[in-house]
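Read the structure below first, then the notes.
For reference, chains read A, B, C and D in written order, and residue numbers begin at 1 within each chain.
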Amino acid sequence: MTARIGVVTFPGTLDDRDTQRAVRVAGAEAVPLWHRDKDLKQVDAVVLPGGFSYGDYLRAGAISRFSPVMESVIEQAKAGMPVLGICNGFQVLTETHLLPGAMLRNNHLHFICRDQKLRVETNSTAWTADYETGQEISIPLKNIDGRYVADERTLDMLEAEGRVAFRYLDVNPNGSLRDIAGITNEAGNVVGLMPHPEHAVEPLIGTGRTDGLGFFTSILKKLVDAR
Amino acid sequence: MTLDTVKHATETPEAAQPWKELGLKEDEYTRIREILGRRPTGAELAMYSVMWSEHCSYKSSKVHLKQFGEKIPENDAMLVGIGENAGVVDVGQGYAVTFKVESHNHPSYIEPYQGAATGVGGIVRDILAMGARPVAVVDPLRFGAADHPDTKRVLPGVVAGIGGYGNCLGLPNIGGEVVFDSCYQGNPLVNAGCIGVMKHEDIHLAKASGTGNKVILYGARTGGDGIGGVSVLASETFESTGPAKRPAVQVGDPFQEKLLIECTLEIFGEKLVAGIQDLGGAGLSCATSELASAGSGGMRVELDTVPLRDATLSPEEILMSESQERMCAVVEPGKVDRFMEICEKWDVIATVIGEVTEGERLEIFWHGEQIVDVPPRTVAHEGPVYHRPFARPSWQDVLQADDANKLARPANSAELKEQILKLVASPNQASKAWITDQYDRFVQGNTILAQPEDAGMVRVDEESNLGVAMATDGNGRYAKLDPYAGAQLALAESYRNVAASGAKPLAISNCLNFGSPEDPDVMWQFAEATRGLADGCLQLGTPVTGGNVSLYNQTGETAIHPTPVVAVLGVIDDVTRRTPIAFKEEGQLLYLLGDTHEEFGGSAWSQVVHDHLGGLPPKVDLERERLLGEILISASRDGMIDAAHDLSDGGLIQAVVESCLRGGAGARLVVPDGLDAFTFLLSESAGRAVVSVPRSEELRFTDMCGARGLPATRIGVVDGGAVEVQGEFALSLDELRAAHAETIPGLFA
Amino acid sequence: MARVVVDVMLKPEILDPQGQAVQRALPRLGFQGISDVRQGKRFELEVDGPVDEAALARIHEMAETFLANTVIEDFVVKVEGAEEPAASVAEAK
Amino acid sequence: MARVVVDVMLKPEILDPQGQAVQRALPRLGFQGISDVRQGKRFELEVDGPVDEAALARIHEMAETFLANTVIEDFVVKVEGAEEPAASVAEAK
């Protein structure tokens, strides 16, 4: 039996179908979850995909965070269930305070879509075990509110605890503090990042690289091993 | 306030009406009175005036557009032709593809962000209304001079608007154009295209049939936006202080449109609609009259049931409002509940506003009183038709006699090198990455090729790897020199771009951007361009499935260059065989396909180096284009080439530079016998492409070209870190990249 | 140094999707009784020198030509601390 | 019906690129003498019923949990027409 990975659809979510595909490509079962349902359908892990939930109105992720499905996700995440937030999903996770900090408008004020180089700074999270710590990968980045900010104390704490999970390499595309592209919670089960691993799981598609597949194989392995 | 009911109109035949302010001609107003046998009510007048406008009725262009239906090539692919929201073609395996390009030029000049954004929103709803899931967008754009201050206002806003809307909808932007020319200074062209995919059985049409079926309006509430001129009606018809003049600008809500897409697709999935129409220009007037006109019966609408954002709107204004993100569906009574449930699921407001009736009239009521009673065909499909006078402009001969081949050419290699560097860095030839990086090209996870490739390509089926490709092209400079040839060159270039990506061109859509039809010069350009395009499509076997006409693009007396933009759709059975433009593999051989003549009329070189426009555009040979296309497609399918790039503005050197920069490899070129370096590098002869051939495939490839009679000249090899033309000059990739990449951000960032 | 505030709001007849999204979310969050929400922009300008009539006239012009797009937006200029809008309120043109 | 305004601004220590972009553009447009620009959001709420203490307390809570993200933003709640901030936070008027 394979792992069941939930993929949440909020109104305005865009990358739900791609994320489901990425989950399938990795060999797991993708379970669609609807924002109005508290029921997580007994999934083993949840991905909050990218997009513009509620149009990014007010602030990215601000309205979605109050949806019924998030009540359950927050509860389960605190109990240890693996949760991955990609782009808009990461924004939702910071709005819920499952992850610290916040995302602001890119420093150049434009939406930016590019193939972005990252360094995986830790492989001791639920979603990065298949990478080497220090491994460099390239996956698509696409957002307008991608600049990670937190106060100095929080940033120092993240660094000290090894919770900066991904850092931008070559160029910092948006002015993120300390080049942070993604972070994890203390327990390593909740991870958020701005770039899009789900767009980099098949050769030919997008940038033609498969550097993002490791996110989905990592979680699959972890869940199957846990059985 | 007295309501101008049908009864009231009958009783007050002599009441003065503001038909002139609404843009109607006297004979048109007279005709409306004849059709109705009385004076129109205010609401009827509003409907006729907007539906008989140039924009909605195509009254000046119709007689010329007819050719697209008459000169139609044999082509099994066409499933739905001109006349519907968008044409539909068969791409195999049970899939159908619908696509179309539309203009949003004037609104984008007034309010660049919202004008462009709502342009994307409108074309996406057209595609959705055919029953398809929108899968990609493209955006052919034209602006005034790159260094003009107003371009700094317009371009960033337009780009942000297209990105802001398209990105939020989750539609990858896979292509388009950015052209600068001072002729577009007061008239930027913002065209937007969309591609949608469905199964054959899911095709939906805009018609209302089945007496008793319900008419449902769903999506955004109706507000006072985009009403513009119609508010004169309100103030003329009603005494005292009529509503404030309503804004002509519409504000888009892409989030609402995303919900509308998902909701509509779910409704299609359960086969709940009998007919469907998007609301675009002319709002409810257009949707109700077109649905009724195309259907078998009549329609009755209770206008006061329309959900409003602004309670002070008059019935005329409600009919005219161009509030975005709305659709109108015709639904059997037994399916209404389920329809409503799906709308509720997606937080989409839906309201039954009327039903299909037995008769043949479109009847609209306001608080129980009848304000419209018209035969819908006379509103929607039987508008005025003009045979506008046209004549070859007096200046055309002088323009053509001003031969670009006589312009001073570079005197030596150093000058040639300098001019090429200048060309590569010129706004029209420079990299548009600063613009296209503001568009999401990855969303939906099916993008095979996107900018800066020759054509955009998306996968349609994950199992079989079926895909579709699209390119858009148009060269106003060529069209100005010769509109007939210019339209064919636009077609040829777009066709070539699609073929270069490895896809087989199937059909086209177009967006015809011209000046005022009341100017016989402009009308001649239009007549020539449509004739050229229709003849060209017949010859290439690519039918016109639909399109859009935008007239009155001019500032004062001065019209823009005639700018027919052609979008070619192609199909590829296996996307893994697609051909990118990048030169990557050191040692691969470069072949130039096609013939090179001394052709500089309208060229990028003549513009950048001499600021000149004159002479004749490159010669068109559509048989050659077809042959070139076939070779490019076969070579891609059989793995004979690793890269291909079509040649267009900027000639061979521009293509080589782009391919080298894309792949990160240099090229060593040798000027072939019989050509001088200048002509070899910079001529813009049509029907050409450059390909990168693995050495192991050289013989097979040249044999194929030889056997089929396509000239293929070995011009060099992929090698090193520079573009070197033997005996002439070398330009390092770093130097080229800087020249190519820095211009646009330097102007607009 | 003084602070001048320019508030820019969409004209009342123009669709405000952001404000609407906020308003629709409120009941779900347990906040009742808010019948409409409009969302606009607030600019806080630090002005060197005195905020006299000339300065306000300049700021008004700046708001009209740059901070607001008067095709779709209205604006108000206020001197921080002042009780009344300092300069004019821009009306629909 | 009364109007309550909530102004939300980025905390002073947070980089505000929108404000900066505006400020940098001003001299090019011929506007001198503006030494800093910050750009924030303004919410206009139409409140059904009286705007009493209880209502303001609720709006304050709404601002704190929803309209502003207090990790990065400060906010001020004002009753339209009132001279003092009705319920103030962090920033002085």
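Following the convention adopted for this analysis, a residue touches a chain if its C-beta (ideal position, glycine included) is under 8 Å from a C-beta of that chain, and two chains touch if they have at least 3 such contacts.
Bear in mind the structure is a predicted one, so any value in this text is a computation, not a measurement.
Should one ask which of A-D and A-B has more C-beta pairs in contact, the pair is A-B. Averaging C-alpha coordinates per chain places the centre of subunit A 31 Å away from that of subunit D.
The distance from the centre of subunit A to the centre of subunit C, with each centre set as the mean of the Cα atoms, comes to 36 Å. Subunit B and subunit D have centres, each the mean of its CA atoms, that are 42 Å apart. In subunit B, the positions touching at least two other chains are 253, 255-256, 347. In subunit D, the residues that touch at least two other chains are 66-67.
Shown for subunit A are the residues that touch two or more other chains, namely 54-55, 57-58, 66, 108. Inter-chain contacts occur between A-B, A-C, A-D, B-C, C-D.
The touching residues of subunit C, when paired with subunit A in their complex, are 17-18, 21-22, 25, 28-29, 39.
Interface residues of subunit D, counted against subunit C in their complex, comprise 1, 7-9, 19, 22, 25-26, 29, 31, 33-49, 55, 58, 62, 65-67, 83, 93. Taken together, the subunit D residues at the contact with subunit A in this complex read 10, 13-15, 17-18, 21, 66-67, 69, 71-72.
The touching residues of subunit B, when paired with subunit C in their complex, are 110-111, 114, 220, 223-225, 244, 246-247, 249-251, 253, 255-256, 309-310, 323-324, 347. Within the complex formed with subunit B, the residues of subunit A that make contact are 11-12, 14-15, 17-18, 21-22, 51-52, 54-57, 108, 110-114, 140, 142, 144, 196, 198-199, 202, 204-207.
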